[in-house]
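Please go over the structures that come below.
In what follows, subunit A forms one complex with subunit B and a second complex with subunit C.
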Partner chain A sequence: MILRNVAIRHGRSALAAPLRRSFLRSMTTDTLTHETDALSHSPASTNSTSLKTFVPPSDAGESLDSIKTDYASQQRLNKRTGKLGSAVEKGYVPDALVRNPPKPADVTLELLMASQSHLGHSTSLWNPANQRYIFGIRQGIHIISLEETAAHLRRAAKVVEGVAYHGGLILFVGTRAGQGPAIVKAARLSKGCHLFEKWIPGSITNGDQILSRCDIKVVDKDDVDITSGFEDKIGDWKALKPDLVVCMNPLENYIMLHECGLNNIPTIGVIDTDADPTWVTYPIPANDDSLRCIQVIAGVLGRAGQEGQRRRLEAAKTGHITWLPPFGLGSPETAEDKKAAANKVRRGPPTADEIAAEQSRGKSSKQEMADIDEEL
Partner chain B sequence: MKVSWHPATLKGTLQCASSPQSISFSRQRGINIRPRNFTTSTRLRAGIAAAEINFDGRNGTPYEPIFYARLVPTSASYFTAQPLFTDDLLAVQTLVERYSNLPTVKPGEAPRVAWRPLADYRDSVGEVVQASKYSKIIHALQRLNHIQASLMPEPVKDALNAYKRNVNPFRNVVKVAPIDKLGRSLGAGRRKASTARAWLVEGTGEVLVNGKSLVEAFGRVHDRESVIWALKATDRIDKYNVWALANGGGTTGQAEALTLAVGKALMAHEPALKPALRRAGCVTRDPRRVERKKPGHVKARKMPAWVKR
Partner chain C sequence: MASRSVSPGGALLRASRVFSIPAPLQRSAVEISSTGGFTSDTSTLPHPIHMSITTPQSSLAKGDWGLKRPLPLRSTTKSSTPVLRIQKMDTFEHITEFGSAADHTLSLQKFLEMGIPLTTPQLKESTQSHLDSRAQSVFEDAIDTTATGEGTSSTEIDARWKFSGPWLAGQTQGEFNAYVEKEVRRRKQDFLEYLRGACSLALAKERREQRASSEGVDELELDPQAEVTDEQLKDYVKSLRQDWTELYRHIRTFLDLPPASSANAPSEIFNAMFENLSSSLEKDSTVSTSPYRDSGPPKTHPSAGLAYSRTNSTLFNHPVFGPQSSKPPVQARIISPKGTMHSNTNLGVGGFVTGTPFNDESFRVSSTRGRGRGAMPAPMVPGLVNIEPDKVGGSKVYVQPKSATVNPQGSVILRVVSAETGAVDVKEGNTDHYKHPPPPAPSTGVRVSPRGFSRTLRLDGAGARDFGLSN
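Moving on, here comes the complex of A and B:
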C-alpha cells in the first residue's frame, strides 16, 4: 500500500481514523478486487454488455448511404421478427373500409351500427317525412332504424347492379370534405364516374356547354375501345348524361338532384333525419355526417356495380348483350364510306337510274331469276 | 350530322335487352332479300324526301344487324368538367398515399424545386384550373419531394419531374460588355428623366462630363461624388479616365445616371467587381419617376386647402 499526500498531510488523525470508501481510490494503486467482484455478481451487471455497444445518436446529418442501409435493415428486421411475440388484436384501421369495401352480402346491422349509421340529428331538426325510418329518440337525437337502413341499402345495391348490368353510366357524388377516397374507389369498382368537388350547375341540363371539352370514347360489347370509324360522330355528339346518380350528401346537392329529376335520371341518396327523402328516387336512411357510414354505403354500392359489370361482360362473352347502342351511333365509318360520301357531295344527289344500277350490281341476272322463282 | 336525341337511359335499355336468338333470326331475314329494280321506292329517294320505312328488309335496302357500340367518358372525372386536372390530382395523391411510409428529410431540408407555374399547367391541360385547386397538386408534390433522395422510387421521380419548371441553367449566360481596340468600355445608365453614357479607359483619374470637368459640370459636391462613386467605392479613382455624356433631366438625375453608366463600364474592365458595385448601389436602376398629378389634387397628392364655405 502506498500512502499518498492526503495521508501524509493529515498525519496522525488521518491514520487513526478508519479509511472511508471514497478515499480508497485516491490512496491506493491496487485494484479493488472485492469491489469489482461485487459489481460482477450484482443483477445489474447483465446490462453491461449492452451498455458497451450503445452509441448515442448524433445530431450531425447522416449520410445518404447510411439512411438507405438503415432503412433496408429495418425492413429486413420487420420481415423477420414481425410475426414473433404475442398476437395483436385487430385494431381500427381508418382506411380499411376504403381499401377493401364490404359487399352487399356483408351488410349486417352490426356493421351499420359500428359505422355509426344509426345516429340522426337533433329532434328539433327532423324532417317528418323520415318518420318511417326513425327507430326512436335517445339523448335528444333521432336514432335511425338499422333494419330500414339495411333493407334500403340492399335495394339500392340491386339498382346499381342492374344499371351496371345494362351498360348504364353511374355517377357517384360526395362533395363533403373527406368523402373523396370512398367515392373514387366506388366509381373505380363500378367503372362509373366520381365527383368529390362542387357540382357545376348545369352539367346535365347545359352539358353541351359545360362538358364540351371532356372527351368521350366508343367501346364495344367487351368494353374494348373502338379507335377508328366514329371520329366524326364523337366530335358532334352531345354531352353524356349519367344513367344513375348516387349522392352521399343530398342536402348540399339540391341543384344536381333537381337536374336529374328534370332529365328523368334516377338517383340514390343517403337521407339523414333532416333531409327530404323526396329529393331522391331511392333513399337510404343513414347518417350522412359520418365518414365511416359513407365509406360503408359507397363501398357496398361500388361492389354492387362491380358485380353488375362482371355479369354484363360475362353475358357479352356468351353472346347475350344486355344493352342497346345509343340512337344514331350506327356502325363505324370505313374508308370506302368516306370516299362514297365525298363522291356524293361532288356529284350531287344520285338519280333514280344510278340507284337502280347500284342495287342490281353484284348480282347476276341468273341469281335474280332464281330469287324471283323462289318467291313465286 | 348533329344528333339531337340521345337515349341510353336506363328506361330504354331495360326494355330492349336482346337475346342471341332474335339477332340470328333478323340476320336470316336480311340475307333473303332480293333487289327489286321495279319498285316505286327508288323514285322517292332521288328527291328531298326521306326513304321509305324499312319494316322487315323488303324494300330493297339490306337489313343491317345492330352494331353494338356505346359511348362512355374517357375519364372517370368526366362530370368534374376538369377531367385531366382531376386525374392528375388523384395520381399524385395516390403516390403520396402509397409511399407515405418511406423516410423523409426534416421539414425545410428538402431540395428546392421551382414548380411549374399555374399558367403553364393551364396551357398544358387546356382546362380552366383555379389556383386553389392547383395548389393541392403542389401540396402533394412537396410531400413527395420530402422523401429521402436515396430511397425515392422511380414513379415519384417521374411525377416530380413532370411538374418541375423547365429551367435551363446553361441558357442564363452573363453578357460580357466589350472593350474596343483603344481600351475603352461603354456603359449606359438612367435615372429620373436623365440618360448618360460613360466611356472608361485606363488612366490617371481624369473625368470629363459633356466636355466639362467635374467641378464645372456639377455644382453640388454630392453630385460630383455620385459621378465617380463606382470608382470611389472600389478605390479606383486614379486608375481610370472617364469621358461621359449626360442629357435630360436635372443635375441629380444626370449625376446618378452617370453613377450607373460608370459602374457598368467598370464592370466591363473588371467583372469580378460586380458584387462590390452592387453593394455600393451602382448596378440597380432606380425605377422611381415623378408621380403623376391626379384630378382633385393640386399636385400628385396635395389636396386643395379646405375652406368652410
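Moving on, here comes the complex of A and C:
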C-alpha cells in the first residue's frame, strides 16, 4: 500500500462520527442502562410516551458488565476457533434401511439396484412364468428388470395403503434368517402383525383351534380400546384372519399362501426368478435372498401402511369412517342391555359406533418386539 | 460403435459394479515337461484370473458383499484379509461360490511396497550381462504404443507391444497349421490386392529413379496413379519370389505379425533354406527394435498393471539416518537350496520366486575354480548350500530387488541383487558399531541463520556415509 494515500483512503472512516447508540441498541439483546439514562436526560427526546413505558432493569442479579464481557469473549472465542478442527462427515450406517425405511415415493431404480434387487437366480433354476420380469442373463444368473420391480413395488404399496386406509389387518411374513428386524419394523409402521418364525400350518384354516388362546380387543374409530361391553361377544370369537398378507419368501411359505388362497385373502409376495408368481396375488419380482432388498421392500410397504393408517385416522377425526365393523359385532352391551336381554326385550338396531378387532399374539409377541427393539 | 438406446434401468445396470466384474480369465495351461512338475489345483496361480472384491468392515460383519445373497459369516469374518474372488454368483444349489483372493492381493501389496519398476524383458544377445543396460521401462513413449497412424515409421510400428497377428515363433506346428488354414488362406484375395498396391508403389519409385537418371521420359508415363496391369503384377510377384526379405516384409505388414524372435535366428534359417541366394542376405541387416522380439509380445500391457513407476531411481529417506544410498533390502526366503530340486537355487521374494543373483560372490555356491586349490571360500549365505533344520521359519537372506518383467505366460520375473551390508544393518537396527561423525567444529565466522538450523547437502554420501554406513 502506498503510504501517502492512507489518509485519503482511511481518513473518512477515521473522521466519521462513532456508531450511534441506537444502532448498538438494536445489535445487542442486553439492556443498556447508560443508554436509557442518556436518553431520559436528553432534551431532544420526542417520543416521550414510549420512554415512560420503559422499565429500567434491576441490578439485583449478576452485574451487567461481566455478562457483556463474558459474551464478548465467548463470541471472540467462537470466531477464532469455530473453523478449527475437522468436519465429521456422516458415515455409512449398514442398517439405515431398517431404522428409517424409504417411502413409496423414494423408490428409484438406483435404490433398487443398490439393494441388489436385480440379481435373480441361476439360469438353470428359473421358472419360465417369470419371463416377463427378466431383463437378461449376466454372469450365469437372470437379471430382473428394475423397471418391473419398481412398478410392481409401487402397485403393492398402493394395495397396502388402501388396505390400511380401510381398516384392514395386514400380516407381514419373512421367515428367513435376518429378515426379522425389517419385518417387525414394517408391521409396526403399518400397525399390523408380523411373523418371522415358522408359520404354523392351519393358522388360517384351523385358526379357531390353533389361535384359540390369543387375545382379541375391540377399538373404536380412533383406535382407542373399548374395554367393556363386548366381553360376551368376544368370548365366542376365536381367531381373526388377516385382510392382507405380505410374504417376503413365498418359496418357504407355500402352505400359508395356499391357506390365504382358500380364504380369499389377497397376498403380496417377493418373487425371485425361481418362484411361481401365481402363488401370490400381487407379485413383486425381486431378489428374495438379499437382506438389503428385503429391507427396502418391507420398509416401503411398511411406510405405505403407515400412510394408510394416518389417512384413516385423519378421516375418522372429521367423522368419515372408512371401514365397517365385522359382521355380527353390534354395539357394546351396557348394563341396561343386559337387563333388557334378561327380560327378553328385543334389542334395538346397532348404532353407528365403529368397532374393530385386532388380533394380538399375546405377551410373547410383545416380549419379542421388545427384544427386537433392543437389537435395533 | 453407435450405442443402442437402452432403458433407464438397463443403462443403470450397465454401469453397476456387479456388471463390471470381468469374466474370469482362462487358467494358464499346465506346462508339459518330461521331468514332471508339481501341479496342484489349489496352488496360487502365476497370475490372478478373478477380480478381487472387498467390503467395508460394517458390511462385512453383516455378510453384505453387494452380491446375490449375504455370504456366510463364519468363513468370511475370521480372515484378517477379507478379500474374495467370486467364482459363481449363483449355482444350482442356491449357493454363491467364492474363495479367498488374499494370495494375489497380498502379493500385489508386497510388490508395491518393494517399489520395483517394470522393465522390458532381457534380450537373448544380452544374457551375458546380468543387468542389461538396454532394459528400459515399459512406459517409455517409444515402446508404449498400440496404434499405428498414417506416417508412423517402420521402427515405431515394429516396437509396438500389441499386434493383431500371432507370434509365429511361439506357436507349435499344429497351431501354425491351423492359423494358415483358417486365417491366412481366406485372405488370399486381399493379399493380392495388397500386392497390387505395393506393385504400383514400386513401379512409381522405379520411374522416379529413371527420370532422375535420364530426363527424356514422357510425362504421361510418370502418372503415379497409373493402373497396374496384370503383366506388371506378375513380374512383380516373380521378383518378390527372388527377393524374400521384401516378401517377408510384405507378409508381416499384411498379417500384422510381431517381429521375429531374433535378428540372428531367421538369417541362419534362411541361410540353410536359400543357400543359392546368399547375395540377398546382405539386405537383411535391419534388426527389429522391439524389446519383445525374443520373448514374444505380451498378452496384456507389458506392465500388467502391477506397478506404474518408470524408474528405480528413488531415494530412501530413513527417519533417523536420513537419505540412504540404497533402498531398504527385502528379506527373501530360500525355498530351494542347491541340489534339492534342480541345479539352480531359488529365492522367494515378496511372494514371487526368483533365482539367486548370479555374478554375485555372496550367492556363489560352487567354485568354478579347480578343486586343487583346496581353500574354497564358504558362501556368505549358508542356507543356500544346506537346509538348516534348526532355523525357525526357514533360512532367509536379504536381497535388493532391482527390476521385474511380466512374461507372456503371465508370471513375474524378478531380478534381485545381494543387499548391501550397511543397508541390512540399518534395516535390522544394528547400527551401534557404526561411528557417529564428529560434530562440526564451531567456527567463529559463521553467521547464524535467522531461520534456524540449516544444513548443506553434499552430493556424495549425504546420508549414510555421514554416519559411516558405507562399510
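In this section, the second predicted complex is superposed on the first by the 249 of 376 C-alpha atoms of A that agree within 3 Å, B and C clash if a C-alpha of one lies under 4 Å from a C-alpha of the other, contacts with A are read in each partner's own complex, and residues count from 1 in each chain.
Keep this in mind: contacts are C-beta pairs under 8 Å (C-beta built on N, C-alpha and C of every residue); 3 or more make two chains touch, one makes a residue touch a chain.
Because the structure is a prediction, the values reported are computed rather than measured.
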First (subunit B), second (subunit C), both or neither touched by A:241: first
Which of subunit B and subunit C A:218 touches, first, second, both or neither: first
Partner chain(s) touched by A:265 [first = subunit B, second = subunit C, both, neither]: first
Touching partner for A:287 - first (subunit B), second (subunit C), both, neither: second
Partner chain in contact with A:71 - subunit B first, subunit C second, else both or neither: first
Chain touching more of subunit A, residue-wise (subunit B, subunit C): B
Touching partner for A:110 - first (subunit B), second (subunit C), both, neither: second
Partner chain(s) touched by A:140 [first = subunit B, second = subunit C, both, neither]: second
Contact residues common to both interfaces of subunit A (with subunit B and with subunit C): none
Interfacial residue positions of subunit B with respect to subunit A in the complex: 1-14, 16-20, 34-35, 37, 42-43, 45-46, 60, 64, 66-81, 83, 86, 90, 102-103, 126-127, 133, 148-151
Contact set on subunit A toward subunit B in their complex: 64-65, 67-68, 71, 162-163, 166-169, 171, 184, 187-188, 192-195, 197, 199-200, 203, 210-211, 213-221, 226, 230, 233-234, 236-238, 240-244, 264-266, 318-332, 349-352, 355-356, 359-360, 363, 368, 371-372, 375
Residues of subunit C defined as touching subunit A within the complex: 7-10, 12-13, 16, 18-19, 21, 23, 56, 58-59, 61-62, 64, 66-70, 88-92, 94
Subunit A - residues contacting subunit C, complex: 92-95, 109-110, 113, 116, 118-122, 124-125, 135, 138-141, 143, 145-147, 150, 178, 287, 289-292
